[in-house]
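To keep things simple, chains are lettered A, B and C as they appear, and every chain counts its residues starting from 1.
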Amino acid sequence: MDLPNAGAGVNGDDAERDLPLKNAVEAVLFVSPDPLPLKKLGRIVGASPDELKAVIAELRAEYEGRGVELAFVAGGYRFFSRPEYASWAKQVLPVEKAPRLSRAALETLAIVAYRQPVTRVQIEEIRGVNSDAVLKTLTDRKLVVTDGREDVPGRPFRYRTTKQFLHYFGLTGLNDLPPLEVSSEEE
Amino acid sequence: MDLPNAGAGVNGDDAERDLPLKNAVEAVLFVSPDPLPLKKLGRIVGASPDELKAVIAELRAEYEGRGVELAFVAGGYRFFSRPEYASWAKQVLPVEKAPRLSRAALETLAIVAYRQPVTRVQIEEIRGVNSDAVLKTLTDRKLVVTDGREDVPGRPFRYRTTKQFLHYFGLTGLNDLPPLEVSSEEE
Amino acid sequence: MDYRVKLPIYEGPLDLLLFLLQRDELDIYDIPIARITEQYLAYLDLMQELNLAVAGEFFVMAATLMEIKSAMLLPRAEVPAGGEMEDPRAALVAQLLEYQRYKAAAGGLASREQEQSLKFPAGGDGRFSQEAPLGESLFVLIEALQDVLARAPEERDVVPGLRGPTLEEQIDAVRERLKAAGGRLRFEDLFEGSRIVVIVTFLALLELLRTGECRVRQDRTFEEIWIYPTLALV
């Protein structure tokens, strides 16, 4: 039973029981290609949400004032380099083909984010301009997806934002969006 | 030049000069997809090899006894999860498409590693078996490459190991290979 | 006139109206409709002269504005007894306000995008993207273009028979200018020559903005507009 690289990934190994949970969490979060939700993390390292929360708080404190931070994004935890070091960090990274979003794209995305599910016509009523091309761009970039059809004549597609949207903007979840400004009429 | 979205990535910014070098090195090594040689790291963060070595030693000490370690591999530095936590860490990784290397492949690779550059015929003389398919697999997986031709009749290809080979086995360089066992005949 | 490419505009008539209102610090609840209509139509003319692909919605809005303008001229005596006459601008104001809320939200997303674009995940999974294809509203640029055009020599001052540059030639020329400028280039310094050359140069700039080869930035309203090459050019 003393196979070091156990492989089967059972969490109850004798050898593994002695390893600090904090280190296991650090290692798992470090290698994970996606933010890890608490639940999934718990299943992997065999710990309760409370244990995990304590350990994550410890890790966050340890990474305070360093080049790397442990962030909660799109419903999960993940390590990121800190923004102050971006100009160096990006020099070792490949350049993304997709440029930053245009104003029109951001606007359309905002409407989808706050009004989802929403049809193209509803978006265009607010923006006052055809939004076909913009929706295509957002769909191609997997920031929005169609989610069924509205039950009105023509049965138009309804759009909603994706997990990739949360990722892209570093949002914890949709409730992490700042509240939409009250129109000044209501003030 | 107070462009907030600067992006130009020049390292001489006033604000950046105040950021600790250790953090910059940590951030860069964290996000880098490949091990970074000291030289390249130095060019990016604008530091001398001596400064870098001191900072790397500090970082290594800080990561001592943690879930992640700073290792020197294939001629460069990179963060890895520690092997003790592999059974957890691998659960979040996408399943590698390439299977583990077969015994035949490992054997052939060992011959290439210790005898490079070496021709197929030379490998087959040692292994006593046709090694065409195995060499093809190793070439496909970029663990070996052809490196010119031997100056003998037929001008056969010569094979040598790649950087990817060092990576795969976590080797610093070829001189990091354990010495070849003395053959038992000579004992 | 050797420019036939119609560049698409993704901003709509509401953007243009809000831009005009904000530029002159006008009260959205009391829009001076005659003045705004006149300015709106002037922009529409210029956009057509630029051969931009002006969406039909711009013309619908023009008609709406003119309708509101004439409704405003109706004698007040027609107000039904006891009731208050609805302001002919009410629907437009409501639409602008609603749209403004989402524009503000888009601004919030933009700053999150900016912040997030500076964080990279561990383990080489990161990518870094270049800057926004268009840093400022198209209308900010058209506004600046109007100033440049006002100073441009009339066509008759130009030697007849000389062919103007094509859009493709001018795109290359703008690229060269940006490269030569190194860091950044003042918007107005990009333009020289007759009206038609200025217009083709402007279209070339729009094309480069669209493809993300450069971006523009104005630090504050009325201040200098700068053109920055993105990494693709460096």
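To be clear about the criterion, a contact is a pair of C-beta atoms (placed from the backbone, for glycine too) under 8 Å apart; a residue touches a chain by one contact, two chains touch by 3 or more.
What you see is a predicted model, and the numbers here were worked out from it, not measured in a lab.
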| item | value |
| --- | --- |
| Geometric centre: closest chain by C-alpha means | A |
| Which of B-C and A-C has more C-beta pairs touching across its chains | A-C |
| Inter-centroid spacing, chain C versus chain A (mean Cα positions, whole Å) | 33 |
| Length of the line joining the C-alpha centres of chain B and chain C, rounded to whole Å | 51 |
| For chain C, residues that touch 2 or more chains besides their own | 120-126, 130-132, 231 |
| Junction residues of chain B, two or more chains touched | 8, 30-34, 79 |
| Chain B residues within the chain C interface of the complex | 1-5, 7-8, 30-34, 79 |
| Complex contacts: residues of chain B adjacent to chain A | 6, 8-11, 13, 15-16, 19, 22-28, 30-34, 36, 44-45, 65-68, 79, 81-94 |
| List of chain C residues in touch with chain B within their complex | 114, 120-126, 130-132, 135, 183, 217, 219, 228, 230-231, 234 |
| Residues on chain C engaged by chain A in the complex (per definition of touch) | 8, 10-15, 55, 57, 61, 94-95, 97-110, 112-113, 115-134, 137, 212, 231 |
| Touching residues on chain A, where the partner in the complex is chain C | 30-31, 33, 68-69, 71, 78-83, 86, 89-90, 93-96, 98-107, 109-111, 113-114, 126-130, 133-134, 168-171, 177-178, 180-181, 183-185 |
